[in-house]
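Two complexes, one shared chain (chain A), two partners (chain B, chain C).
Up next, the complex of A and B:
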């Protein structure tokens, strides 16, 4: 055993001391600032608490019952999964196509494209929010002025102000900012495929398209699966940031997602107990979704 | 045919990524007067309004925010590296009873939505007088990246040949000397990757800073930017907003230019944890 052998290198008293100094400070801070708030979050969800008073009233499952009575909750869940669906579809589609193009075509400019496509992944959600809010700005933004090139009258659509459009308008920024990373992930898979496989496919008369569907896709299925799960998780756990920055859940809750609603209920309406119950709901839904998808995708791998 | 379509799609998407960025730069050089004409596509008129940048830096206080962010990011990067490297070293080379469980605990919190603990975290920090304080923010940032750091660095320490540690120990380096003088330098490439990934994560962090920091003189760059965006309802200094946006992106851009390889490697390592 490596541990036994390494242990013998040092005197016993020094060794114990060393373990404590190296392990305990990190773990103590981690327990206080990460584990404790999470456990406490579950605990708080059984109380009625405004946050400002020290009085916490135990109310059992009432906060959870409230989840079922609250008309906004089903809408937030629906909005979250709307974003999940479109992000998964569009990001995976673009990321896979670009990954293939940048690896298989052997273009001179592929390093350039790779660097450019990845860059939006680097910038903060705040910057993306500010930038896209302006792109969508009805009078000054360049989306409307672009569309106006094709119409007689100037277009003045309030993309983020229209409750029918606002949620869909949140998809492009998320896709724009998300593609690069998953593209790099899938590229690493493609670069691991041996060139001789492609050669023998060519000899068998498989065209580019057939090589793509029969060879590339099955062999990078693992990367695609990881990407899919990662998009689902990060969307369910983090979509509220872009929502909060671009629409604050409005207009009229038409873009409210679970996380942004939690923030509003907790930090604007001071219903801390109810807010943490929403947090537990997010945890449960994201875990359930991941487990379910893992099952589904595993079955699909066998079919290949 | 297939090839040409792919190639065209690359150029189209390249334009979709680059144009908004180019446009941000041109916009930051426009005057408010030109803005209100509404021709979003126009290039800025001469003279270029570099004054937008000095306004963002001074009048909109981005100088302060920039310093705040820098202080928080640097201190948290150093602390987080120290805390995660020590733990990763033990887990990789000196596992003890329960270290597997502890590792599992660190990793599993990467799967749990941070927002679940947000409310209790706020009140806990507040009871320790660590809200509205850059020290508190830095401490929190240190911890939130520890699981990632431990995860990546355990791999690095595991891959090191055992003889090196033995040789150092026999030479009488002592256990701390062995760690700081021999093991850490050997893990340099892992440390660099983790440091850069953490620096990016901290610089871009929004949620915790929003919840924990209340007074404007303590804003970080991301909070400052979202605050300035909110102000746009009342004032219309778009040029200043976009100058501020560029100021906030410059450090990220520089990191990306110099460390592109480590960044893509670091992100991929983080994603494959699942």
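Up next, the complex of A and C:
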């Protein structure tokens, strides 16, 4: 049949066939692996289900009502955006500074530093969690030992055990683990900028700082934008990992983020229906955040 | 909620136990040390009228979690059961991840016949009952006899839980929570093991004076201090009546504001206020805190009976485990022991019910109980004489309390709703971190309980 069609509409048929070959398998996989679980998740959120039996009771919007009554939910959202804010700010700051330093400043050790900064990306999050738990250990940890050098009495701050400090203590490991990748991304942007632009800027009397703000930043804005969106999305969807490895959401939910709370509720408190409702909430918030950020950043793209 | 750490501990086989395991609540010991209780199993099987193990056919599927207790006992017991029933094919579903692996079969209503309920605290009797996945064994267990022809129910240390009068599973592992100390350290310093609250506080102060923050706990999991210190405390504050634990687990209205609960919280905040409880503990998980205790960075720690096995690898030379079931009783008051269990049950949709029942009858025999003690170092839920076997210090010291007339052993209670249990963990962490008062603790708990009752 296809052969017949090919005979009739040789060029157009071939083109359609070409499209089908590329789109259909991908689309089928997308439906199977993304769309179906998503729809299934939304469907499950209307049920009371322990997640471990075939018994499911339809309860309509009750899980969503519960979402609004649950005092922990607003805290998890707040914690997530706290992490988003600090991660975006610090990762982009450090990544950009390092990227510029390693490309524009022509350091001889450039390759070495690039490997060093990228290193955290090559180790598993599990290792990062364990490593930083050790750094924060109140009695034996590196941080308290270091601080004790400057005080008379040994410092024994329970960084991960104090509900006022624990969330902030999660920022450094997340930032540390994130810098390398975005640094490389921005470096590739900088290396794509023609040297002649810098040369003419120099002739026009622009110093290093002027070159950085007027030339480098606008020209790598695309990379920065992508980095920013990527940090926001990975934080909203993936902050679960570092939280679960380091504090399991504690103490007293002070580090509970949406993802970790979903896990807690679904797999530890057997309320899978409610957990999927939380999942839907994460989806909606992620979408809204992305759309909003896209709007905010759209007009900022520069081309020279 | 099943206790997370009953599972994870690397409970390799410990020494063997001696000490007579009696029913502590009655203070009655199972007398007559039968040093080799091995009546020929097959001959006694035929003498038992309820025994259905003769001529069993078909397939029997058994799911058991393999954690700290290992699988030696299971393999041994099952192979003997198979020998007795040559026509029966026993399929074992076992491993540390078995609960996750079998999940789909439970969801699709095709579960194994027999299930041992243990794991990371997320696969519990309460959950299975809620899912209506366990068989009602009320009538059967009331009269069932084991393969040796002895009534099972009479010999259990902890009785099966009752859900509105219905039993769904039998506790297979029995243990108690309490406070641990190092006997060697106490001896060296001339400290006496505390018998009551005043003595406990006094010893805490002595440790403080010696430069040690005396009490450490597994802060990241506040359920340890709740189970090891608070629960027995609620009972002592209730004049030794364990009914308060029933009320708490049943989320009875007002129970979290009741005098016994508030009384115990006062004791806790008193201890905390004096700096006896290590503030940094809230940042530590079970391994970290237990290791610090082993290194004498603290003199007391709450835990269940598995502690010695769990910490076997890092135990310093000369360390001697000592166990006290409770420290909160008034002068001259009785000790209180709060138990925990892991259960074995039959699936509601079991395909070979006869064989499943026969297996339970085979498991709850003295011989199997002794083998359990010998291979796991823990205690099976059957009154059995272990005196002729070699004992580990920890279990010995726990057993002497359990057998004493001076100890009140609370019953094996129903598990608390997991959401309220989590709220209790959170509130207790906040109380220990001095972020909330005990009144706020009570308000939070009443609120969580009210939400769960709905």
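As a convention for this text, the second predicted complex is superposed on the first by the 263 of 304 C-alpha atoms of A that agree within 3 Å, B and C clash if a C-alpha of one lies under 4 Å from a C-alpha of the other, contacts with A are read in each partner's own complex, and residues count from 1 in each chain.
Throughout what follows, a contact is a pair of C-beta atoms (placed from the backbone, for glycine too) under 8 Å apart; a residue touches a chain by one contact, two chains touch by 3 or more.
All of these numbers come straight from a predicted model, not from anything done at the bench.
Student: Let me test your reading of the model: by the given contact rule, A:267 touches which partner, first (chain B), second (chain C), both or neither?
Tutor: Both chain B and chain C are touched by A:267.
Student: With both complexes overlaid on chain A, does A:185 touch chain B (first), chain C (second), both or neither?
Tutor: Touch status of A:185: first partner only.
Student: So, A:139: does it touch chain B (first), chain C (second), both, or neither?
Tutor: Both partners, chain B and chain C.
Student: Going by the contact rule stated at the top, is it chain B or chain C that touches a larger number of residues on chain A?
Tutor: B
Student: Touch test for A:158: chain B only (first), chain C only (second), both, or neither?
Tutor: After superposing on A, A:158 lies in contact with chain C but is clear of chain B.
Student: Applying the touch criterion given at the start, work out whether A:118 contacts chain B, chain C, both or neither, answering first, second, both or neither.
Tutor: After superposition on chain A, A:118 lies in contact with chain B alone.
Student: Which partner chains sit in contact with A:251 here, chain B, chain C, both or neither? Use first/second/both/neither.
Tutor: second
Student: After lining up the shared chain so the two structures overlap, which partner does A:176 touch, if you call chain B first and chain C second: first, second, both or neither?
Tutor: Only chain B is touched by A:176; chain C is not.
Student: Same chain A residues contacting chain B and chain C, which ones?
Tutor: Common to the two interfaces on chain A: residues 139, 267.
Student: Across the complex, what residues on chain C touch chain A?
Tutor: Of all residues in chain C, those touching chain A are 103, 106-109, 121-123, 127, 130-133, 219-220, 279-284, 288, 292, 297, 418-419, 422, 425-427, 429-430, 433, 435.
Student: Within the complex, which stretch of chain B touches chain A?
Tutor: The contact residues of chain B facing chain A are 2-3, 6-7, 9-10, 13-14, 16-18, 20-21, 23-24, 27, 35-36, 38-41, 83-84, 86-87, 89-90, 93-96, 102, 105-106, 109, 111-121, 123-124, 139-140, 142-144, 146-147, 162, 165-166, 169-170, 174-176, 178-179, 200, 203-207, 211, 222, 225-226, 229, 238, 241-242, 245, 248-249, 252-253, 255-256, 260, 263-264, 267-268, 271-272, 274.
Student: Can you list the residues on chain A that touch chain C in the complex?
Tutor: Chain A residues touching chain C: 50, 52-55, 136-139, 156-164, 247-248, 250-253, 264-265, 267-271.
Student: Can you list the residues on chain A that touch chain B in the complex?
Tutor: Counting only chain A, the residues touching chain B are 2-3, 5-7, 9-10, 14-15, 18-19, 21-23, 25-27, 29-30, 32-38, 40-42, 44, 51, 94, 97-98, 100-102, 105, 107, 109, 113, 115-127, 129-131, 133-135, 139-142, 145-146, 176, 179, 181, 184-185, 188, 207-209, 212, 226-227, 229-230, 233, 236-238, 240-241, 245, 259, 262-263, 266-267, 272, 275-276, 279-280, 282-283, 286-287, 290.
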